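Common to both upcoming complexes is chain A, partnered first by chain B, then by chain C.
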Partner chain A sequence: MALWVDKYRPRELSKLDYHKDQAENLRNLCKQSDFPHLMFYGPSGAGKKTRIMCLLREMYGAGVERLRNETMSFTTPSNRKIEVMTVGSNYHLEVNPSDAGMYDRTVVIDLIKQVAQTHQIDINGQREFKVIVISEGDELTKDAQHALRRTMEKYVATCRIILSVNSTSRIIPAIRSRCLGIRVPAPSENEMTAVLQSTCKREGLVLPPELAKRVVEKSERNMRRALLMLEASKVQQYPFTAQQQIAELDWQVYLRETATQIVSEQTPAKLEKIRDRLYELLSQGVPPNLIFRGLVEQLVNNCDMSIKAKTLEYATQYEHRMQNGAKHIFHLEAFVAQFMNIYKKFLAELVMTDDF
Partner chain B sequence: MTANSVIAIAFLKTGKSSSGNSSTDKQATNAPTERRKPPAPWVEKYRPRSVDDVVEQSEVVAVLRKCVEGADLPNMLLYGPPGTGKTSTILAAARQIFGDMYRDRILELNASDERGINVVRTKIKNFAQLTASNVRPDGRSCPPFKIIVLDEADSMTHAAQAALRRTMEKESRSTRFCLICNYVSRIIVPITSRCSKFRFKALGETQIIARLQHICELEGVRIDPDAYKSIVRISGGDMRRAITTLQSCYRLKGAEHTINTDDLLEMSGIIPEHYLEDYLEVCRSGNYERLEHFVREIGYSAYSVGQMMDQFVEFIVRCGSLTDKQKAIICDKLGECCYRLQDGGSEYLQIMDLGCTIILALK
Partner chain C sequence: MSAKRKPWVKSAFSELNMTPKASPTAASVKRTRSASAAAAGKSRSQNTTPTTDAVVDLTVKENEKDGLTPTVSDNWMEGFAPTTSDDLAVHPKKVCDVRNWLQHCEAMRKKHPAQICLLTGPAGCGKTATLRVLAQEFGYELQEWINPTDCEEINALGDQPNEGSYMGSQLVAFKSFLLRASRYKSLLTAQNKRLLLVEDFPNVLLKDATATFEDLLDEYVNYGKSPLVFIVADSKSRALNISYKLFTDQLKAKLRIEHISFNSIAATIMQKSMKRFATMMQQQQHKALYKVPTQTVLDSIVVCAQGDIRNALINLHFGSLKGAPSMATKQLNVTATSKGRKRKATNTLKSIGRDESITMMHALGRVFNPKYNEDNDKCLLHSPEEIAEAFCIEPRNFINFVHANYLPHFHDVANVNAAVNDIGLADMLLHEYRDDSLSLVGLTIAVRGCMVANVAPVSGWMPVRGPKRLTIEPQLTPAEQKLLGVGYAGISKRLYASEYSSFVKTIVKQTN
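Let's turn to the complex of A and B:
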């Protein structure tokens, strides 16, 4: 049994639930025999992938939904073998080069050239080009992005690239100027509620408006998360009640507790305990940048403005170093220690001024 | 004749191109079935085909024109911002100089090819060592050298660049090098001193508009006359971006639609001005919660924080209500945040940090 997220994913551009004007534009794009390289950008859960698949279906017909998994292996210049999973149909290929870590450049060079240099066998097929979908394009290293530049121009007649990225900030300008950017904003709260309601209707369930509203609020405008939450709630308790508890992601709860502990006590002993908790989070596979963001959001809650500014200043500094460094835990811990330092000084000053 | 030489090369194997290049033509007629012409983006379709078509870059054009007429060619280093015609110029010149022998006489390597020190030592050196005759197969004379084009040379490692040094000198009898890059500072000095440097200027408004008008006429695009100016503003002197923007807009909206400024702004990912004003306003209020809410909204609407910062610099500098000192503090932080963002920092944290600094600066 498929999850609701997959089961009710719109499969055609005309069936999309929101951003209908954009869908109209995308259909226009398909009508001509050809489209440029595309870059879909937007927050996660906004529907980038859904739109890409709809677009492909519109272009190639139902054939794009016959997917197969393939493992491709590459040899890096240093003779190391790497394997990357790809999902593809006869018409497109979906790959996540950042799976290969620092070797993503090899993947980009080899795979894309390989695909780009072969033609569609069926010349009467609808289109003369294949599509390569690169997911998490913003995780590509600068090297890999540079490698893409000329490839995108050279093989433009046999292959189109669709990038799916969360933010264009990390994409080098040379790539940005070669793509048509398509902005996919997160759905508004009303749109999300409507989707939740229609999903429930199709499942034959009754969803109280209050509950829908709370799910939407909790989901942070992430459609996928909202649907998953709703389904989880249904498993927990049905029929729904307006006040029922919504299953929250346990790492978020854990992170919040961690932040509370940091604020409650600032000692080396506590720091050591926090380290265990951070390790726990990392080992559960929570991305370190999310940990950073979550910590900052929680920590600044009860602070003075000057502390907030300082905390953020250090957070940006350590987060940046973390992105460039190898071991995430060092930088997370350095940030926690620094925060404890600022916070403790602030408290001490408060006591001093109180005394006078 | 198809758009561009490069495409023609890429499709020689399959004969898909129907280029004016005669060797390609032969292949194409051999192909079993008549195929549709491959759809070419306008950027490729309207690439300059001869050096005389290149606009604005008068010095380099003068040198290349001499060469087409039969003079010797120096080693060249072409640099300048993206979309100013560096690659187009050299490829157009090479096609004019070599004609049909184009494929044998040019080695084009770019960042998508493996270009480590090994490639310099083997591939480039081997190619450089081949001698080139000074007559064409058809008996006409041509320059007795080959050209190695190293595109995007600023992404070559220093070691690889160093390995080029002696090769460039030793093989100067039969080979010319042409390096192309965006930032000349990333090329090591021994290489730059061996080349004659040509700077490509960002294109002016009139040139871009003239080219766009030309394309619009040929393709039958309906466009609002004011929209040309917005394209120029969006592109910032980058011809490729200007043409891509125009074509994207045309494709998205369909042929019947008259392109206007609003369509272009939405397409290009430029952030509407009011967001910048709101950001400053929110910071002026000094309320952290409002700032956080605002930043979240930006995230949800999928605008790029990097783009926002780019525009914000201009906004701050022109803003009348700030003192010079405040501007200095903000711009200082802005620079730092932009750098970190480019380098992989989190969008949320960077823009919050900037916001806090502005709040404190405005107090």
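Let's turn to the complex of A and C:
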């Protein structure tokens, strides 16, 4: 048993559901025996990882699908042991250095050295290089990115790096220029509906078009989310009805409630409660930038037109600070306090104008 | 112990080889402070070349010419040390505690001679002095462990030329000190009761070996023959805090270690003992050296010392030496006492004295309840810069504490907004690793921001909470892991938390 997302993930470039022209280009890239370092970029759930795996399969054959888990341990310069889970085959290795937090630099350097210094044993005319897939490359610290730049160049003969990133803006220019960038846009709504329908067909389910449409809308053009949502909705209620409730991400629901609370009361005591809720979200592991974004969206939806612009202006300011700082909760809280302040003033003015 | 004392029997300690040469008054058991000093002195005098002798002679002559009587001993402070328990500047209750413990030791002497006591307290609060005075009162001979330096080790064994010198482990030496010094008495002293004192902890114990320390004490409790006292000065940092690291609560309970914790000396008691020092300075043997310090200087020394009597004595010594100009003092602040009728000026010494150190709780109180100068409303009583400087070693920690606790002290969201804005800015500055000085700037901004923004502080007692630590634990159940398969390792924690977690949970829950 596996999740639909994994079960029906296209395995070959020719079987991809959308962006077919791009798939053709990627196949051409593989026809030559070599390819440069690659950087797949695009929004979350657009199909970057799927394309990377298809590309690797095209390159090395079915062997790349024999995946195995491996826990690699690294020792930082400060003598701290960190363990990173990797998944890989004989030909490639996929790693998430951002899981190592501030120690990602050590992971990047050591890992690439380990992989690159062992030459591929040439069994049957395979490629002579291994591939390292770095997912969430944009979460790498600047330090790690600079380390990556050097190692990328040094070991180019024995290994290629494929980066999967959401936004190139957080990748240093030195790395951007060393990689061939491949943009993977989010699928259009029609494409997504088609994928959902074909998935249900293969599962032997009947999916009402209205429901498919609603799921696509809810998922914000995120293919992975749409499929997970559909599967979760299926286990909740099947047969499908057009108006059935769609499973939602619990942290989004929680965030929505938080936003309503912010609008309902503006006092330091309330702010303290909000802080606890934010801590709760952070300790669940939800990335702070998603929390921030979700919060801003909800608040802007909930407030009057006249203060929307101001709210957004402050949001950008605090978001920027959050990226530069270390304690995310400070900046989330600062934004909430700022919004409370603006909103309270707005309410006070409203009362005054009503009086006259 | 047998009454026979045969001088040719080799003692467990190497004193025997030294005793014929060393003066009997100075020599004590090996590794007591005075003994090591005497040994050092002895070896020096043995090895000195004629030239150094001449130099020594010259100085002596000079002293005589000036008419100064060389009354000051090697350690002039010893002259001022308290000799009776009434002279002690320690709070009588604490003295009583220690006395009770010693009485308890007396009572248990036959059955359980190896009692252990731990004295803690800030530096210079009279821990050692109390113990010395009381040990004398009870007729105990104090034997102190001093960490041997490597060269001392060689010297000590160097007295036995043929046995060769070796470097033993410090831990072994410490252990043998504990077990043997408590068991065998020195031949040179009449007292039969010994009290072991450890103020200097072997370095090995500080590193990690808490387990060895426990074993050591276990053994001591079983085999030791005299009471053992550990003296530990408080330290701010937890890593260096011996009483916290070595003497865990379990250990204390298990071995029935008496823990007596001293407080820093109160200003009134300090005043009293300063008077005692001043009168002693006017006695015959000191009169040539000291002049009478003014009352202002005395008062400011007390203020500066902050309960550290040793420091106060040093300052007094320095401030009242003859020929030195009187010490510069500066007015610290004016405090109104008793309904503002009587105004009392507090002075501190300008150039010397301890830095004012404040605890975290104290500083947080100053940040959250900002006070303004009486005559100048715009001027904060405690400058944010000073508070920031006191914590510049660990700015992050302090800011985290401020953040965890500031909210209940505010009345209005607008003020909160201003404060948290500055805290956020400070966080950003602290994260900037390229410039070291920014951390202090950031801390100052956070502190000042909080103080200035809090226009109308909420008064009342509020417990201080520690900053929250985030532990992200997306622990997967086996069923969830199975569902995800091998590819699970390829999903990062944050991605899992934001996209997969809630769906996977529902799917697993509904299918089972």
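Definition applied: the second predicted complex is superposed on the first by the 343 of 356 C-alpha atoms of A that agree within 3 Å, B and C clash if a C-alpha of one lies under 4 Å from a C-alpha of the other, contacts with A are read in each partner's own complex, and residues count from 1 in each chain.
Heads up, the rule we're going with is that a contact is a pair of C-beta atoms (placed from the backbone, for glycine too) under 8 Å apart; a residue touches a chain by one contact, two chains touch by 3 or more.
These numbers were taken from a predicted model, which means no experiment stands behind them.
Partners chain B and chain C fit side by side in the overlay (superposition on chain A). Looking at the shared chain after the overlay, A:242 reaches neither chain B nor chain C. By the touch criterion defined above, A:168 lies against chain B but remains apart from chain C after alignment on the C-alpha atoms of chain A. Touch criterion not met for A:348: it reaches neither chain B nor chain C. When both complexes are overlaid on chain A, the residue A:43 reaches chain B alone and has no touch with chain C.
Once the two complexes are overlaid on the shared chain, A:102 sits clear of chain B and of chain C alike.
In the superposition on chain A, A:185 contacts chain B only, with no contact to chain C.
Contacts of A:156 after superposition on the shared chain: chain B is touched, whereas chain C is not. Using the contact criterion defined above for the overlaid structures, shared-chain residue A:32 touches chain B, although it does not reach chain C. The vertex angle at chain A, taken between the C-alpha centres of chain B and chain C once both structures are aligned on chain A, is 80 degrees to the nearest 10.
In the superposition on chain A, contact of A:324 is made with both chain B and chain C.
Of all C-alpha pairs linking chain B and chain C after the chain A fit, the shortest spans 8 Å. When the two complexes are laid over each other on chain A, chain A has residues 324 in contact with both chain B and chain C. Those residues of chain A that touch chain C in the complex are listed here as 1-3, 6, 44-45, 49, 67-70, 85-87, 94, 96, 98-99, 135-136, 139, 222, 224-225, 228-229, 231-232, 235-236, 247-251, 266-269, 271-272, 275, 279, 282-287, 290, 318, 321, 324-327, 329-331, 333-334, 337-338, 340-341, 344-345. Looking at the complex, you find that chain A touches chain B at residues 25-26, 28-29, 31-36, 41-43, 46, 77, 108-109, 113, 117, 119, 123, 128, 143, 146-151, 153-158, 167-170, 173-174, 176-178, 180-181, 183-186, 221, 289, 292-293, 296-297, 300, 305-306, 308-309, 312-313, 315-316, 319-320, 323-324. Contacts from chain C toward chain A in the complex involve residues 396, 400, 403, 407-408, 410-414, 416-417, 420-421, 423-425, 427-428, 430-432, 468, 470-474, 482-504, 506-507, 510-511.
For chain B in complex with chain A, the touching residues are 6-7, 10-11, 13-14, 16-17, 33, 35-36, 38-41, 43-44, 82-83, 110-114, 116, 118, 151-152, 155, 238, 240-241, 244, 247-248, 251-254, 266-269, 286, 288, 292, 299-307, 337, 340-350, 352-353, 356-357, 359-360.
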